[in-house]
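Each of the next two complexes has chain A plus one other chain: chain B in the first, chain C in the second.
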Partner chain A sequence: MANISVKDLKKTFGKTVAVNGVSVDIADGEFFVILGPSGAGKTTTLKSIAGLVDIDAGTVSIGGTDMTMVEPYHRNVAMAFESYALYPQKTVSDNLASPLKSGRTGKYTQAQQTERIDQVTKTLGINHLLKRFPRELSNGQRQRVALGRVLVRPADVYLLDEPLSHLDAKLRAQMRAELKQLGAMSNTTTIYVTHDYQEALALGDRIGVMRAGTLVQIGTPDEIWRTPADTFVAKALGQPEINVLDGVVDDGRIKLADGSLDVAVPADAKVARGDRVRVGLRPSDIHVTSGEGSLRGRVLLAERLGRNIELTVDVGGAQMIVLTSGRHGVGEGDDVTMKIADSDVHVFAAGSEPGDDTERLTQQSDKSLEAAQ
Partner chain B sequence: MAASFKRIAVRRSELLPGQKRLSLGSVAADIGLVFWFVFSLFPIFWMLMLALKNAEEQTTTYFSFSPTWSNFATVLSDKGTQMTSVDFKASLLTSLLNCGGAVIVSLVIGIPAAYAAGRWQYKGSNDLMFQMLSFRFAPELMVIVPLFVIYNQIGLFDTKVGMIWVLQLVTMPLVVWILRSYFQDLPEDLEQAALLDGYTRTRAFVMVALPIVRPGIAAAALLAFIFAWNNYVFPLILADSNAGTVTVAITKFLGGGGQAYYNLTAAAALIAALPPLILALTIQRYLVRGLSFGAVKA
Partner chain C sequence: MDAEKTTTAQSLTLTDLVKTYAASGRESVTAVKGIDLAIEPGELVALLGPSGCGKTTTLRMIAGLETVTSGSIRIGDREISQLPAAKRGIGVGFESYALYPPMSVRENLLYGLKARKVKGAEQMVSSISSRLEMDELMELRPAGLSSGQKQRVALARALVRNPPVLLLDEPLSHLDASARQRVRRELKVLQREFGYTTIVVTHDQVEALSLADRLAVMDAGVVQQFGTPDEVFDDPANLFVAQFVGEPQINVLHGVAKTEGGRTRVEIGSGAGGLDTTVTDVADGTKVTVGIRPQDCVMSDGAGIQTTVAYFEHLLEFGLATSTVAGIEEGIVVQTPAEESYEPEQKVVVSAPPERVYLFDTDTGERLR
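For the complex of A and B:
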């Protein structure tokens, strides 16, 4: 049990900058999730904390001790690898016993080892696989064994690199719920790397969103969801993605030239009259209405996806996605009116190109960013 | 409407995907391969035949003769020693010691070297590896004269230590280069996991990396042994009766004392081919690759 403090972490591989100045403080017992697309430097950050890569600059301290130049086996850190990294020549039982036998994680008698392995394998539902070799397991089973090898020993820090990524959707949801209930998990400082925003929101005490080697935003799931620091963070969370429309500030409202968009400027947004801005609207926050609305458009496509209907709507020449229950019975080709709560409107700076990421124009997010760093 | 539809009833002449046909070409290729097979194996067959002929028939070229095992007995007996002034049995044992020693030295030094070369890139590491390989480019005859002079001066001439040392020049590059690629293929996550389990680098290497590359070690050791066993020039020049190997001993039956015993030479060569063959058969189950399958996701 220990807190983790990472300062100005930098790591390059040849010409590729993997991690570019990551700083984060993680409290004792916290469950911290690093969320980001592949290639963002998540795994490198994790391995830097574990001591498995030589970092170019910065410091890593665990439990108040500077660990920057300390060997991995002296850090008392347990890690689950994305590739599982199970020893192929050892049975599941021997794989799980490996950290207990090294002598650096505490001394265990044969009986204590058996008891610990038994406990962990029962929790993970793999106690019938103890005599098997890794090659005889399915990917889901291997991932559980890899997780078991982390949980079987007491450690100051658990590092989990995409531990659920290779499970099928059903098993993943189930394991996600189980992970949260694991006693060891809730007591031990954990860093959890994932590219799945749902995992991040469900599991994290705090989330750090990572892009191109830097942490773009650090905050609680609620903060990240409600006040994304920029369009990148906003797009990283939510499926379907947040809609981003271009608008102009006019008289306390943000409008589109043809009047198809007309929403109030949020109270804390720093904008002036005549500013060109981007408006972020989450598909699930938009509601089709038969009365007054702030958005008007024509339905291009209506797809039924189970409980919801996903509408692709043309709003002033831009396409946006709207989720609806289908109660209003709109079909393809229909004109629709939609409304959105003022608090669900996200305002970002205008970008020079359609694809680039721009910052949120609210004072509140500035404060939360400062607080996080 | 039905009348306007023209059925095309031409028999298919092309092969369906995956279908095979017995063609003249493939039959001819098979016959060609059989001829090549006979052609390549004929020297071995001829040697076996020669080894079974008696002294009177050894220069005949026809296939009918009265086979005898006595040549093998002669080669291994004192009689053979008297004929050639070299104890063939002793030279077999010397060869085993020399080559075994060279392979063991190569493995003890070469496995850690290959691991280092496969895992870490450092300044000049590629040059070092190429330097090691270049020992194999140079013809042995090019270095044999200076080696002979040096060996005589420092008293290594005709010693087993000297032979192991020089044969190790042949085996070490093989071991390092073969095993380096095995270690490169090994995912580093496995050793990293061992480090986090609380093991030192050395123990991670011994516990994780070494068992997984065991098939590679077996293959490299076998190949190195065969290369060392077949070496002729080094023992010919740098050794005599004490450290002389079997490759040199075989040639003694070809004479020097006037009479050439082709049948005994053939018998000696066949006996000398047995140890590498037996070794290959013993370790062949380790030669199968793919042990690491399933440990790390593809």
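For the complex of A and C:
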């Protein structure tokens, strides 16, 4: 049991800055997810906490003890790698028993070892594989054994690097649901690295969204979803991605010149009349209506997305994606009116070019400010 | 729009197409077991299936990269199955981009045309380039392109031949999630605009459903169902199609059909309740396999299946509850509305609209109607 405190962590590889000043406090027993694209510095951050890379600057403390200069062996952390790191000459059973035999966290009788292994392998659905060697396993099975090696031994901190990435979609969804229910998992401070936003939302007590070596935003899933700090965070969560449209502030509304967009400025937004801004609208928050609406456009595509229909709508020359629950008689080539709740409108600063990321122009709610401190 | 189309789209017809790989001393393998597909002019058809289902072999036979064991392939009225690849008039974009590294994009696009001494090649390449909005890429070399850009060049190279039929093998597989969606929509708009009869091979059901006018779901060398995205999703022909298409995956439960006065109900587990279904072609007391999509399940106060919540995940746009049913091993996954929340151990009743409760023959997996 331990809290983790990381301060101003920096790590460069040659000229590449992998981690550029990461600070985060993680509470005892918390499940903290680092979400970001590949190359953001997620794995390097995790390895720095484990002590597997020499950091250039900053401190790492676990349970109130400064661990920055402590060898990995003495940090009492257990880490699972995306590449599995199993003993090829040992059976699954022996691979799982080896962390218990190291003597690092006390001695276990044969019966205790068997009990722990039994419990973990049942949860991970690998209890029928105990006699096999790693070479006789699929990638998904190997990944579960590697995860089992971490969970079988009590540790102060679990560090998990994309532990579900090699599983097929169905198994991944199932394991994701089960992982959080694991007794060990719910009591032990865990840092979990992923690029899958659904995993982050499902598992994280809090999520840190990472880009180019920095944590752009830290918050509960709800905070990150409802008040994304910038367009990068907004785009990191949700499929299809959030729509980002350009507009101009006019009389408490954000509008497009041709009238295709006319939404309310959120009450707490710091904008003035005439400002150019970006409006973020999530595809599932937009609803096609037969009455009055704040968005108008022509349907370019109506595509099946599972039970939903995904509409691509031309709104003032920009393509906007709308998710609807059914066809509702809306077809390609039709003109549609859409509405969105005022509270679902996100406002960001205008960008200098289409692809760049800009910050949110609404103040964070008091609650999320508190959580960030 | 028709006047702008560069080519006269033609139909593509596969009749009883078979591919058998035979090697001396080994058992022969039939990868494609008699496929019939009639593709309309200008239609976009997806061949969807798991690896090894025969979709790529089918594509390669159409392209002329594999010999045909038996059966026919026709473009319009023209039989092409015995023609060499170059004479078939088919544009092919394969998964690996296969671009010549020392040549610029423009040279890559011109190469095939010049080799065949096509007149006006430069002009054709310029016209495709502007329609695909890739003028700024034309002087770059392949090594300097992002994977999305390479994909676009590969597509352009298939298009410059102005083929009556276009074949694309996993055209979006090298893109990250966000680019994949963008390029997918773009591809569909272009295909509509150009009007090519197009076949796309993919293993990604989301991609196939969203992209295709019709999709052929394949397994074990056989087309399991050929229909529009709505038909395949809402009216699956068999258990394989129901399980392969849709995410989260369809719930599969074992049950017993009960019929009374022309109405059918299926009992699940030991006294856990059951669901009404619109299926009529099933005898009273038949053991059946029941399929219900997580999106079609509703937590109700009324009649249905008694379950106990094992896990609940809140994913903000919706929730996913995994529940257990007394007397059976399979759990039920229910996609719940964003505003609802459930706790482990909570007792809930799961129901579904009768027309969305699919029954399958337990032995053959065929849909019972």
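In the analysis below, the second predicted complex is superposed on the first by the 364 of 373 C-alpha atoms of A that agree within 3 Å, B and C clash if a C-alpha of one lies under 4 Å from a C-alpha of the other, contacts with A are read in each partner's own complex, and residues count from 1 in each chain.
Quick note on the criterion: contacts are C-beta pairs under 8 Å (C-beta built on N, C-alpha and C of every residue); 3 or more make two chains touch, one makes a residue touch a chain.
Worth saying up front: this structure is predicted, and the values here are computed from it rather than measured.
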item	value
Superposition on chain A - do chain B and chain C clash or fit	fit
First (chain B), second (chain C), both or neither touched by A:77	first
Chain B versus chain C as contact partner of A:201, first or second or both or neither	second
Where the C-alpha centre of chain A sits as vertex, the angle toward chain B and chain C in the overlay (nearest 10 degrees)	80
Touching partner for A:111 - first (chain B), second (chain C), both, neither	neither
Touched partner set for A:272, first chain B, second chain C, both or neither	neither
Which superposed partner A:241 touches (first chain B, second chain C, both, neither)	second
Contacts of A:176 with chain B and chain C, given as first, second, both or neither	second
Chain B versus chain C as contact partner of A:306, first or second or both or neither	second
Touching partner for A:98 - first (chain B), second (chain C), both, neither	first
Three-chain overlay, closest Cα atoms of chain B and chain C, distance in Å	9
Footprint of chain C on chain A - complex, ascending	37, 169-170, 173-174, 176-178, 180-181, 198, 201-202, 221-222, 225, 235, 237-241, 284, 300-301, 303-307, 310, 312, 319
Residue ranges of chain A touching chain B (in the complex, touch as defined)	47, 50-52, 71-73, 75, 77-79, 81, 83-89, 98-99, 102-105, 133-137, 139, 142, 149, 166
Residues on chain C engaged by chain A in the complex (per definition of touch)	176-178, 181, 185, 188-189, 206, 209-211, 229-230, 233, 246-249, 293, 295-296, 310-311, 313-317, 320, 322, 333, 344
Chain B residues touching chain A - in the complex, by the definition given at the top	187, 189-190, 192-200, 203, 207-208, 211-212, 291-297
